[in-house]
Amino acid sequence: MSDFWILLTGALVASCCGVLGVFLVLRKMAMIGDAISHSVMPGIVIAFLLSGSRDSLLMMFAALLCGLLTTFLIQMFQQSGIQSDASIGVVFTALFAIGVVLVSLYARQVHLDQDAILYGEIAYVHWNIWELGGVNMGPKAVWLLGTTLLIISTVIGLFYKQFKLCAFDPALAAAIGIPVALFHYLLMGLVSMATVSSFESVGAILVVGLLIIPASTAYLLTDRLGLMIALSVAVGVASTFLGYGAAVLLDASIAGCMVCAAGFLFILAFLFSPSQGIIIKKLRIRKLA
Amino acid sequence: MLADPNMQWIFLGCTLLGLSSGVIGCFSYLRKQSLMGDTLAHAALPGICIAFMLTGIKSIGLFLIGAGIAGIIATFGIGYITRNSKLKQDAAMGIVLSAFFGLGIVLLTLIQHGSYGNQAGLDKFLFGQAASMIASDVITMTVVCISLITVCTLLFKQFKIISFDPGFARGIGYPVAFLEQLLMLLIVVAVVAGIQAVGVVLVAALLITPAVSARYWTDRLGLMVVLSGLFGAVSGAIGTWISASVSNLPTGPVTVLAATLLFVVSILFGPQRGLVAKRLLRKSVKQRYHRENELQLEGSVKKEAAL
Amino acid sequence: MIQTPTPVKSRTTTVAPLSITGLSVAYQKKPVLRNVTFEVNEGELIGVIGPNGAGKSTLMKAALGLIPSIGGEVLVYGKPYRQQRKMIGYVPQRESVDWDFPTNALDVVLMGRYGHLGWFRRPGAKDKALALECLAKVGMADYAGRQISQLSGGQQQRVFLARALAQDAKLYFMDEPFAGVDAATEKAIITLLQELKLQGKTVIVVHHDLATVQDYFDSVLLLNVEVQGFGPTEQTFTQELLQHTYGGRLAFLDRSLQPPSRFDGKGE
């Protein structure tokens, strides 16, 4: 049964990240996704210190706040003339550092160690059960991630055309009156939510890996945005399955193996994608010659 | 705390580390490659793990080699992806960074679960613990930092020109590709030297934050490099000192927070570029325009009246 | 020095499609636009001409509210821009978007309908039919399903124009539509502009190629930070005013009365 819950959790994380990752990659904000996944850390720690529980609404809220703060600070520094990648670097390292300092200072009181934050504890997901009136409802993480996925798909589904236009041609979007900044922050808010609800089960690295790698893989495989989102989710889910298998075989970090599997699938697409793959391209040139 | 001679060494080492990272960070900032340091730091993890697995020894020298090789593979990978696909630099960096780090974590867990005798402390590499360094580590680090600063001083003019205008540098016959590779190598070395003190996750901040802060105070590269080195050194010193005085506090985050504090001061109060100075400037520009407009209007009214 | 448009034209009983008064924009200390004032007539093609860095693109962006101005007023058919968005079509510079975006030509044209759809509605069959029609008008009907990165520069520009047509606007802003396009596309674009004019629409075009100004435009706006001249082409597009607009660079300019390279308009 634990395998089932681990795979389901992984698949849910992959779906949340897969959908959002597509927009991050297309808007050339992959590294902002990376930054947010680090900088929600102080929010998580503070919420945890306040509430003493790991899956509170407060934690979601605090992380959301941190994510939006990160976005805002990066934007502000960029506008004041710092190069975009430097402002990303300054902001996320500072916030992450605050988070680590807080964990270190209160490490004895709280049950939140750095290892869990980096690698996650997906193996223990099925221990933390949600009981409703004495009935076993399944792991809390699954419910949390399911809700997040529902919110993400609803928001993206409702405002698909706005997100699409903001990604493709923000100037036109602004000219026809779409509040570009609002959708920017909305997307970043969703990324923060996805990050925080995935954090506990899979850790910081896996979130970044699953945000960026499957979306990039899908980008190489298709020319249609809708299909790209579907493929991104599919690649993400496949990575979690492959990764979990490898982790069991090797007795190694599950989260790490999942990211490695995603990397492996990316390499496959990079080499063999029917339209973009470099080996396919080479073969085509050879055929012509 | 500074009474302990070992601690004195560590303190000196971290200060030098901040100094050299700050100096090199300037060039990577001007070349718009700030996040490269972050990517290289994450990519170094599997290199370090493999070096440890092969030899079973924990030494900075060996880790430098492992991390250096991993860093070169990572840089090459990023370049290869951006050149051969429609993916842009940021996505390529994200892919390489997370995939390498994922691999590093897998190897790290393999080491922890496996029968590698001396593994305790390898996980300190994630967040950095300067106090865990032994004398030989500190000496290696000091030597590395001093050589980094020396190379930067000797090749200052060359690095300046390839950061500003690589095309021109090629024109006057500089070996640009070689210099770029060398600079990248220096970044890798700075990152790896910093990992034990600051940690994989945050070492990039030592390259980025002091350089950005220094940019706020001056428009001259020479002064910027000096200031950035100074900011880095101060951050390194404060970080080591505080983390050694409070138990259980890793060095990395404290150092980064010290650097961030300097950054906040710079962005607020930097002359010309600082937020306060800019706010004042914008106000005065706006006022001047409105005044000029009024004068013009008055002028034209007078002209019309004269006619 | 600033020529205010004289209301001699018979049609000007209606409100002007675009009226800009005292528009100023500054990046940091440097003024990019100073006290720009002009008013265009309905149903005209207006060329915006000036040297690099004269603020031509900035003028468009400021008029559309895409960048903040430090003073001035922009009225579209007598009302502030915000209330009149549906009346405006915009063609940004072709380099401003990433053509590797996963979408096809028809889909890009459909984006022109988004402004009319409100917050939640998706483009429907009617919008699709209109988009196909617009693609046909620019001679791109056969390319509807083509991935946009596989189109040539001229074809991409035509897709952008089709998208502007789909916006079904009354006033169009086009930022260098002729930059870096082939002769066939240039011809297609100018035919289209004439057609728009016949329908009583007003089109403002940032233009680089001085050799074609007299053939293409009814009015010109000579811009170099300030308005250097504005009015009917035959009266305004004169050696003297051009000299004034381009300053000492006119000697160089005489030699280069050919289409400039596509990167010319950047960095404004």
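Worth pointing out:
Lettered A, B and C in written order, each chain numbered from 1.
Note that in this section a contact is a pair of C-beta atoms (placed from the backbone, for glycine too) under 8 Å apart; a residue touches a chain by one contact, two chains touch by 3 or more.
Remember, predicted model here, so these are calculated numbers, not experimental data.
Which two chains touch most often is answered by the contact tally, and the pair is A-B.
Chain centre most remote from that of chain B: C (centre = mean of CA atoms).
Averaging C-alpha coordinates per chain places the centre of chain B 44 Å away from that of chain C.
Centroids of chain A and chain B (each the mean of its C-alpha atoms) stand 25 Å apart.
Look at where the CA atoms of chain A average out and do the same for chain C: the two points lie 40 Å apart.
The set of chain A residues that touch two or more partner chains comprises 28, 219.
Taken residue by residue, chain B touches two or more other chains at 86, 278, whereas all remaining positions touch fewer. Chain C meets chain A in the complex at residues 61, 64-66, 82, 85, 88, 90, 92, 96-98, 101-104, 107-108, 111, 114-115, 117, 119-120, 122-123, 147, 163, 167. Residues of chain B that touch chain A in their complex: 29, 32-35, 37-38, 81, 84-88, 90-91, 93-95, 97-99, 101-110, 113, 123, 126-127, 201-202, 204-205, 208-209, 211-212, 215, 246, 248-250, 252-254, 256-257, 260, 263, 267, 273, 275, 278. Those residues of chain A whose C-beta lies close enough to touch chain B in the complex are 25, 28-31, 33-34, 38, 77, 80-83, 85-90, 93-94, 96-101, 104-105, 107, 114-115, 118-119, 205-206, 208-209, 211-213, 215-216, 219-220, 247, 250-253, 255-260, 262-263, 266, 270, 276, 278. By the touch criterion stated above, chain C contacts chain B in their complex at residues 22, 24, 26, 28-29, 31, 34-35, 70-71, 100, 149.
Interface of chain A with chain C (complex): residues 26, 28, 158-162, 164-165, 167-169, 171-178, 219, 222-225, 227-228.
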